[in-house]
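In the two complexes that follow, chain A is the common piece, with chain B as its partner first and chain C second.
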Partner chain A sequence: MGKTTLFNSLCGVHQHTGNYPGVTVDIKEGNRQINDHSLIVSDLPGTYSLSAFTPDEQVARDALLTSNPDAVVQIIDATNIERNLFLTTQMMEIGIPMIIALNMSDLADEQGITIDAECLEKNLKIPVVRIVARTGEGIDTLVENIIRVTGQKTRATHKEIEYPHSVTNYIGEIGNYLSSHASLLGKLSPHYAAIRLMEGDEHLEKMLHDQGLVIPFIDKSDPAERDGIAEDILLARYRTAEEITTCAVKCTMGQVLPADLIDQVLTHRFYGIPIFLACMWFAFQVTFSASNPFLVGIEYIFGYFTELMNEVEMDPFIQSFLSDGVIGGVGSVFVFVPSIFVMFLLLSILEDTGYLARAAFVMDRLMHSIGLHGRSFIPFLIGFGCNVPAIMATRTLQSKADRIITIITIPFMSCAARLPVYVLFAGVFFGAAAGNVIFFLYVLGIFVAIVTALIFRRLVFKDEPSPFIMELPPYRKPSGFAAATHMWHKGREYLKRAGIVIFGGVLLVWALATLPAGVEYGSVDSLAGIIGQALHPVFAPLEFNWQLVVGLIFGFIAKEVVVGSLGTLYGGEEMLESSLAADPTLSPIIALAFMVFVLLYLPCVAALGVIRQEMGNWKWTGIAIGWGIFMAYIFAYLVLHIGSLFIGV
Partner chain B sequence: MSNTTYPHKYLYGWTVIVTLTTFIAGFLSILEGARIITRFFILPDIPGGCILILISFIFATAVMKGRSDRPGWISFSYVASLLLLVFAGCSVLIEGGNVLTTIMEGEEEANILTILSPGFIWAGIIAIPLYLGVSKLLYKCSCRGECCE
Partner chain C sequence: MVPLSLLKTGDKVVVRSICGTGHLAKTLGQLGIIIGIELTIIQKAKESVIIRIGESRYALGPGAASMVLVEPQI
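Coming up: the complex of A and B.
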């Protein structure tokens, strides 16, 4: 844990980090120039062993085994060395030069864990450096060690694992046999390849088999014996890890840590989920209310510019472009920047404290009962920010069925891009209850994800989800600087999107609202009006007017474009809220049904691209699209007709 | 001090007071939200009231655990008071944002005192001494095992 933080620190970049495992799912590369040394640093997904089960673990394993790195820095959680040493024992046998970075050494000190780094170094024959990746402590020493180790010309010799005699004999015999076929092993040493084969590495066995090499010593007819050998190897590794830990680590405090006591409540079987819901409710209330004054301020500024624009004499076409297209469309999206920033700030704080990882743990029971893997909750949480990295985060799931179900359900997690739609409509039609409405929409998204998972697990993938093991990160006091930096990076992405994709989308809508030449701007005779009217019958049961239909169509480019389109079609930004409120075809319940439709109907183009990439085929991508539209229609219809009984149309 | 006696009796007694205060604040918020009563200076807020009652249940669990399980009392009362204080802070932000918006929109009915109307703030103020006390105990209890001796 802390790999990406160290990577950022080493390369001076700002890759997303999270206070929970599974944030990195592919390889990221960066550079660092130190005097005459030019380092290329790769950030690999985290793994506890080289026996890869999930796609992200496979990425890490393949990189270690095939890319022939000059050195590997293994980040070990200093508060739990033994668990991480298993991977160390595996990597030592590859023969790659290694350095161990003991991260979170400050927390280990706080918890009364004394680590004898020299003892570790001596036993492992690997340089060990104490670091605190968050503060940068020990990084310089680590860099010095990296330069020293990468400069070594000879193959690294680390501690040898002591296997039982029978296993050593097998490894020796297979290793000797493989030595005569070394060219087939790529960058693997015969000794290490022999160990992998004895451990039952089917990937390696198949690779050799495909090249016509059959290992005569591996008796396939006696799987029990092979299992026994694999178990002996496993036990020898664990024993080594335990012996080294016993020698190097001393714990001077009690067994119960403050985190354990806090976890008793936050992960409590009855209180855990209500506490999580309460935290999310407050997060959305604060997002709406605390950002509202900024929103009013920005509206005022845009209103001023629109007035200014209308006073200046210019060509009506250019005036319409600037006032309806740029200010009305793009301005209406920019107005919601404060809400996005506040939401990212709050999510960053929750993440930094370590609470979100507990939330995933708490949700595991619920997730299992609905047929989803507990680990799926992490992509769900990431999905509240943006669906694209969330879909990529499903690579941490082992089973293909778990991945497919999770990918189909992630678009129901309401990403930040949908927030402007909620803030606009909830603010106009629900006033003081806007925060509650926004919270309802987020909960509805989770509910629809649950329904979807249940249906797919019962009808399509009938196997049980695999068990969930997750490392709970330490609790931390949230750092204002870190949270603000995180908020800025995420918010900047939003601004970039607003500047490029959303601007393009909104201009397209403006052009459609203006053409053909001579029609009244944004009228039913414009191209936008014709498209909206053509599709209007499809949405008639939902009582959406044609402007809303056009917003939905172009919202496919990016969800912010929904608001931008409406800003363009309804005129200048200063008019959007009042225009919506005054539109007789709209009402609170229609607004709610519209928000539900926007929540569920389709992910944006970028998310669809990633779904296609991760699914690997169009069949499941098509199912994900179709299912989203179907659920959106059904739920919007239900909300409209059931809700109208209570609120009135 | 035996493991079965009341822990730090003043703090324990304060836990009982905070439990009752939180429950009453939540109950009143719900009644105000449902417009059953309107005479108290407390924010009408049904979801917020439900959260206050949830927190009062966590405090009540702490009180019940305190009779025999001191680390349990500490952990439940610590988390409940921390949640209460964090939510009280959030309530100030929410009401502050609402009042500021009202002022910026030029409405004359803006009343700055409404910032203090959420039940969380009153319950949170009463929970401050408890939070300070149990947070010290939490560290002692977990790291040195002293709270159980």
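Coming up: the complex of A and C.
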């Protein structure tokens, strides 16, 4: 809670964020210059323990254990100290100097929770600073403390947790044993490594084992005994957290909490789902109506530039490059920016209020019945905006099977980039029924996702989705500023990732449509035409003409490029609608089959890159791609042939 | 002792046992769902529950809820 907000105010204007490639979750890094001190700040994924069952927690753990920071700032939610202190009890044993930032102390005051920070500080032997990350209160004091603490050259001594005698003996024994093999431990102290081994850190155990180190106790003892010790350690940590909380926190409020009542309504077994659907409906309405004015404005501006370009006297080749390639390309990227930004804004507001976690609970039963985990539902929701962050969001899933199935099904969620294709074709061929056609496509996407999930769960993984356990964050009033910042970061990430790819893609289409030199722009003789002709037979059963085939090929770069490339192939985007309507090789039912194909066939290059990254191997990436094309072909074929019965060709 | 999945909204209970070991049991432990802790059931939808421990709330699906054996408080 408030981690990223603090990060932003710490790094201020100097902030530069870089994503670490290769690792699963982003660790953001920034810096701050204070007098002659230069701080490098890393924003780690949030976690409540160092046990690391999910990939995002693993990243946090690895950063703490192996990157050897000068100090760690733990942000503790002042309204829920005991819960957060559990992580403190885990971190203070590492030996890295710690500082606790007690966030949202203003909210704690409101709720009648009084915190004795000095008592906390004395008991933990860790400096405690009150901050309000939202307003920037207390940040200066925090920075002073960070500088002071990082200046200490000795290993930090924090409060020691009192374990039962038997446990202490084991830790001592194993610690002594490990001291003689300290080189294998990397940055870990033997004492701390011993504790982690007793806690059941399989990762560390495997690492030592791979290096040929056999730890006498761990190899011989039976699992039950080890589980017992792990539990003793857990209990000792909780006891410590509880004792410190009891001494430092006084709660003056009564027992009835309004949040309980809100939860009872929002997650009700009957009203829960209707409330959720209403929220989603509202969110979609807002996304489309709020982004519309921006959309019109952007189209106007780019139209103006194109005209301007055409009036200027210059070499026709360069003119074509500038107006069709550059302006057309940039324009086709920018048109989607407003809806994507609004989408991210709404999602972050929903997340901020704490509702999204409740929605996952409400949807768990439904998701479970189609073989998915309740948490998969949030990636799906994000997928309607853009598949790329959606696929990244699957990191919060624990089981590998859950993650693979979710990643394979996400591309069937019709992302914002596919919408322009529907708008174009449905508008031209279905007129007033366009809205219904587009709705049908969204529903079809969800239907294919369900079928896919069922097939993979029943036939490939054959186990149950892992049980649903999720922390429900406290309800909060969403802060407009925080949501806007969040939107900006997410949107910018999207722009950077997608923008370059889409822009490059449009330029590539332009080049293929112009070359070889001298051919008529976008004609059968151009490179694009030749490629389309060559692949045309494959799509003959679907009755797509070569222009559509070329559109599909370029749609792999990004789905919205389909519209742009058809625009160039049909000779200018302004005339595209009339050209399509006049093309004798097209009909409403072919258009529908084409839209279905575009919906299902391939994730775009950016999404594909993320799928590869999250799957971790090419095998599952290949399966995901192959499955999509297979589904697209089957459903487009079905639509074409079943649809013909109703509409007539 | 009864599994958490069999109680009703508003019940206050004490955890007496966690069935099984492995990741799931450990996850429950990390969340503070440990033997002897008192918790309140604030929502019950079929066999899924939302529980409150102090100021923390957790949603447990049917699989997880049936692993937690509790004793109702009067």
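By our rule, the second predicted complex is superposed on the first by the 398 of 649 C-alpha atoms of A that agree within 3 Å, B and C clash if a C-alpha of one lies under 4 Å from a C-alpha of the other, contacts with A are read in each partner's own complex, and residues count from 1 in each chain.
Going forward, a contact is a pair of C-beta atoms (placed from the backbone, for glycine too) under 8 Å apart; a residue touches a chain by one contact, two chains touch by 3 or more.
None of these values were measured; they are calculated from a predicted model.
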_Quick check for you: in the superposed arrangement, does A:G136 touch first (chain B), second (chain C), both or neither?_
neither
*With the two complexes superposed on chain A, say which partner A:D260 touches: chain B (first), chain C (second), both, or neither.*
both
*asked:* On the A-aligned overlay, A:Y48 touches which partner chain: chain B = first, chain C = second, or both, or neither?
replied: second
*Looking at the overlay, does A:G480 come into contact with chain B only (first), chain C only (second), both, or neither?*
neither
*Tell me which of chain B and chain C touches more residues of chain A.*
C
*Which holds for A:G228: it touches chain B only (first), chain C only (second), both, or neither?*
neither
*Looking at the overlay, does A:Q285 come into contact with chain B only (first), chain C only (second), both, or neither?*
first
*In the superposed arrangement, what residues of chain A touch both chain B and chain C?*
257, 260, 264
*Sort out for me which residues of chain A touch chain C in the complex.*
48-49, 51, 53, 79-80, 82-83, 86, 200, 223, 227, 230-231, 234-235, 238, 257, 259-260, 263-264, 267-269, 272, 357-358, 360-362, 364-365, 368, 374, 398, 464, 466-472, 474
_Interface residues, chain A side, partner chain B - complex_ = 111-112, 253-254, 256-258, 260-262, 264-266, 271, 274-275, 278, 281-282, 285-286, 288-293, 296-297, 300, 432, 435-436, 439
_Residues of chain C that touch chain A when the two form their complex_ = 9, 21, 23-24, 26-32, 34, 40, 42-46, 48, 50, 52, 54-64, 67
*asked:* Residue numbers of chain B touching chain A in their complex, please.
replied: 47, 51, 54, 57-58, 61, 71-72, 74-76, 78-80, 83, 86-87, 90, 93-98, 100-101, 104-105, 138-139, 141-145
